[in-house]
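These notes are about the structure you will find just below.
Just so it is clear, A, B, C and D label the chains in written order, and each chain counts residues from 1 on its own.
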Amino acid sequence: MWTGIPLFPERASTMAGRVDALYLFLIVVAVFFSALIAGLIVYFAIKYRRRAPDSIGTGIHGSMLLEITWSVIPLLITMVIFVWGASVFFAMSRPPDETLNIYVVAKQWMWKFQHLDGQREINELHVPIGRPVKMIMTSEDVIHDFFVPAFRVKADVLPGRYTSVWFQPTKPGRYHLFCAEYCGTRHSGMVGQVVVMDPSEYQTWLSGGAPEGSLASAGAKLFADLACNTCHRPDAQGRGPVLEGLFGKTVTLQNGEMLVVDEAYVRESILMPSAKIASGFQPIMPTFQGLVTEEQLLELIEYVKSLQALPQVQTR
Amino acid sequence: MPDHIVPKRIYYTIFAILMLCTYLTVQIAFFDLGVLNAVAALTIAVIKATLVVLFFMHVKYGTRLTWAVVVGSVFWLGILLALTMGDYLTRVWRTYG
Amino acid sequence: MSELIQHPALAHHFDSLEQQKEASTLGMWVFLVTEVLFFGGLFATYLIYRNWYPDAFAAASHELDVTLGTINTVVLITSSLTMALAVHAAQLGQRRLLLIFLVATMTLGAVFLGIKSVEYYHKFAEHLIPGPGFQFEKEPVHVRHAQLFFSLYFVMTGLHALHMVIGIGIMFVMWWWSWRGTITAEYYSPIEISGLYWHFVDIVWIFLFPLLYLIGRHA
Amino acid sequence: MASTALLPRRHYLNDGYGVKSWLLTRDHKRIGLLYLAGVTFFFFVGGAFAVLIRLELTTPVGDLVTDETYNKLFTMHGVMMVFFFLIPAIPSVLGNFLVPIMIGAKDLAFPKLNLASWYIYMIGALFTMYAIVTGGLDTGWTFYTPFSTVSSTSNVIPAALGIFITGFSSILTGLNFIVTIHRMRAPGMTWFRLPLFIWSHYATSLIMVLGTPVIAITILLVAAERLFHFGFFDPAVGGDPVLFQHLFWFYSHPAVYIMILPAMGVISELVAAFCRKPVFGYSFVAFASLAIAVLGFLVWGHHMFVAGQSVYAALIFSILSFLVAIPSAVKVFNWTATMYKGSVSWETPMLYAIGFIGLFTIGGLTGLFLASVGLDVHVTDTYFIIAHFHYIMVGGTIMAYLGGLHYWWPKISGRLYNEWLAKFSALVIFLGFNLTFFPQFILGYLGMPRRYHAYPPEFQVLNVLSSAGASILGVGYLIPMAYLMWSLRYGRAAGPNPWGAVGLEWTTTSPPPTENFTETPEVTWDAYDYQSTVDSRQSTFPAES
């Protein structure tokens, strides 16, 4: 009878099963308690219905034992749910070490994806199965939200900073991509498709077209065009820090704080160079706020990331 | 409950302490104490505010309910500040790297 | 008992002046709780951004005039003293003193606002009003975050000043009532609860002053 | 049916007839009725928007109105319902009418302030209505920045001002209740003799007083950012849009408890009155109200699990959210236990109470889904959340509001409504409600995002079911409007105590005199003390058969 109405979205990521298991457990809890309360109410309403207009109920005032029981049992159940939910959440927010990174720039009202090899897509995202994929996301204007129901993942995409979300697709197919944070007039039009492909097909697709070369090479070109390379030189003779092998390392700032070089720090250092100066350097770098787009920023970041190649540099 | 009439002498004393605190807080600000500058400034501000509340606003002589209202407002302000800061202070623990 | 002679100030739904006074005092205290949370939202915003951008906040704070700020602090604390003395005079039924202290409180409040407007004028002249016209020549690297500071500065001190204006209005009404003879040693709770409000506004400034004027002054 | 009851000769309704006698009244009962007129009007305005939303969503393509209009519809539905109906509904109408009577006072502590609250509410509503008729508002009721500050081109400022102003009405009402409950109780009315309605209104008032100022300042900052280009939440000057969400939800989550706590108070009264026995575990129910009011302030971050706050903050907010479920569960269990060995009447208010308990249970339990952070990631910002909070707000608050209105209607108007029509409409509302909102749980889990004007075709069946339910629900809300109005003129006189209930409000005439009681009552009994009432005064109950 209900064939026309699905109850679950497609399960197409490693996370989907875990989320659904928790969901089913909660449904069992919810159905049990709803049925219990509803059953008791209906039973009492019938059994103790008023038989004479002036009859009154029995003057029962309460029971400490019952109060404790129905405080403690729900508390225990909720704590189970909490721990379970927290463990799922940890898995969601901690990507594996080796991920396929894809950059996302959201704007009113479209999704722009940049693959490391240089492919750019709009409102369509191609990913292979079997590999954890991490989306590194930012917005050009207002808050958006990257939501793929089939993967059970969702994360807000904020202007001015990077958020990330990861998933590992398990099933080839085309899945909905929604913007799940209201973002203005054509919010419901800010939808797309995630195309999950077999690895071999994915390779074919990748080789299909990257006219401008890889993201990092675009970044390298930009790095030269913006004359970044006059100060950031590979030989420690420049006025700015050596960027080779920098990404992922811990640096000491002027004020003594330690900080891991991540996307957010590189971004901040380009847009607000004086905010967090590495120790031993002068705050002489000009800001590139307004001179580089979000997409170009990502190219620069990817270029900095790619500069891991120098010998003897310890990576993570 | 007849009203407690605070002797004028107490008002003048509190006023003198408040003035002293103002002087101190300005002076301390010109010494480099690192984070202690902010701590000192806020401690003095809290002391001054407490004196005003207790004596000028008569809470010291007030009912338990008045105390509860004062403590409650500070407590809720604390909730707002603490839980909001809780997010900001732990954000750097985990970068998206 | 109060039933025998109905005091003219006793409203119909209260049993006694005592109950009425307790109710209005509690009412003012509860109102002050809302004020604490109202400014609390601003303090939370301030706390987060100062924590994020300590250098920019220090640089921006240097643009404020500590001397004027300190004078204003002294003025405001003195006005709190005169307010407390006004309540004292009201409790003892000293009408003349009460009127004098109310006038003193109002005058000091006006002096505070006068100094505040001088400061505002300076900020205006120095293009330190946040928005498209904002300029921060001294340390241009901080130009964006300094805007955050000045946005907070203007909203915090602006709302504080608005509370002062309202406070002076209330004081004027209190002065009028005292002059007219409504306020007596038996019925002085209007003076007392107006005093609570005035002291609260003073307390807000006690926090605003170090938070806004005294950041990183040693540098 | 013996129907000899007559209206009292002198009561608050005939104490002056002119427009002035209403618009300048300081009588809490009349002010309650002024609010009743206001909230009813805004309920139907908000409801009209809901009708259009559901009509639009019957087809997946979004063909009835443009996307721009649709965004304005759901925004204005939210703004109207939340700020101008749900928040004031029970406290300002029923609370205003009943708080002084239930504690044996002549009026609220500050009658002029009470009237001022109503005017402030109406002025705020006027601003918001102005924003609506001159082009509308499209930010969503949540006003998220930077959309609301830099992107939206709609009437953000007047709408924000309207909400800012209305906030003060809420603050002043809360303040008035707190002071009244502390200082105006009749002799002998100790804290633990107070009806649970009063406890829940006390807890509600605490939230109003502690939470509302924060939304006020937040909205002011949004307005300043939009108007003067001050930076607070704008990333362009280094601001954090997530901070807006913190400040917004610091109020707006507790605001949910402003809506549901008074409803819980109503249900406690209804269950006791229609089982004619004391509420099971009185002190637990009373303290549960306070616990909800306090814990309710510690959980706001569960609206922001995917918003970019830290993982650790999310976990803390998650566990705290589970804690607030406990006092709510305690209340449900206690109401159910109250029915045990009661004398359960099936009169209309009790039907609403039973409906409330069932729907609130479902709403509360689905709240666990959302508090569970790993699951919330999938269901947040989908129709699951829409379904959840409508179970709480419509299935909970509105059910209780209607139940309370029916229960106290004879007290308010002095007349009885048509019981059969009332039962019928209660049933229609219950069925229509479930048909409207239950499918949305499934829709949400399937992944249909909220605030979508058009949606993929596979979601259509469930959306059509929901829209069908909404049409039934709409009819269900119109029927009481009709027969309650009708009863004002043609209803039988109710007499002081048509339900055979105990409580101070049933000891005075219906409608009560302006000063509520001819002489200040002296309270010597506990709340819901049916046993000793029967022992001492056999005549309490109407001799109907």
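By our rule, contacts are C-beta pairs under 8 Å (C-beta built on N, C-alpha and C of every residue); 3 or more make two chains touch, one makes a residue touch a chain.
Model, not experiment: these values are computed from the prediction.
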Which of B-C and B-D has more C-beta pairs touching across its chains: B-C
Per-chain Cα centre nearest the global Cα centre, belonging to chain: D
Separation of chain B from chain C, taking each centre as the mean of its C-alpha atoms, in whole Å: 15
Chain A and chain D: spacing of chain centres that average the CA atoms, whole Å: 36
Chain A and chain C, separation of their C-alpha mean positions in angstrom: 45
Two or more partner chains touched - positions in chain A: 93, 163, 272
Touching two or more other chains - residues of chain C: 26, 30, 33, 36-37, 40-41, 44, 48, 52-53, 144
Numbers and ranges of chain D residues touching at least 2 other chains: 182, 210, 214, 236, 238, 242-243, 246-247, 250, 311
In the complex with chain B, residue positions of chain C that touch it: 18, 25-26, 29-30, 32-33, 36-37, 40-41, 43-44, 47-48, 51-52, 66, 70, 73-74, 77-78, 80-81, 83-85, 88, 91-92, 192, 195-196, 199-200, 202-203, 206-207, 209-211, 214-219
Touching residues (chain side chain A, partner chain C) in the complex: 272-275, 283, 287, 289
Complex contact set, residues of chain B against chain D: 65, 72-73, 76, 79-80, 83-84, 86-88, 90-91, 93-94
Residues of chain C touching chain D in the complex: 11-15, 19, 22-24, 26-27, 30-31, 33-42, 44-45, 48-49, 52-53, 56, 130-132, 144-145, 147-148, 151-152, 154-155
Chain D - residues contacting chain B, complex: 182, 210, 214, 242-243, 246-247, 250, 297-298, 300-301, 309-313, 316-317
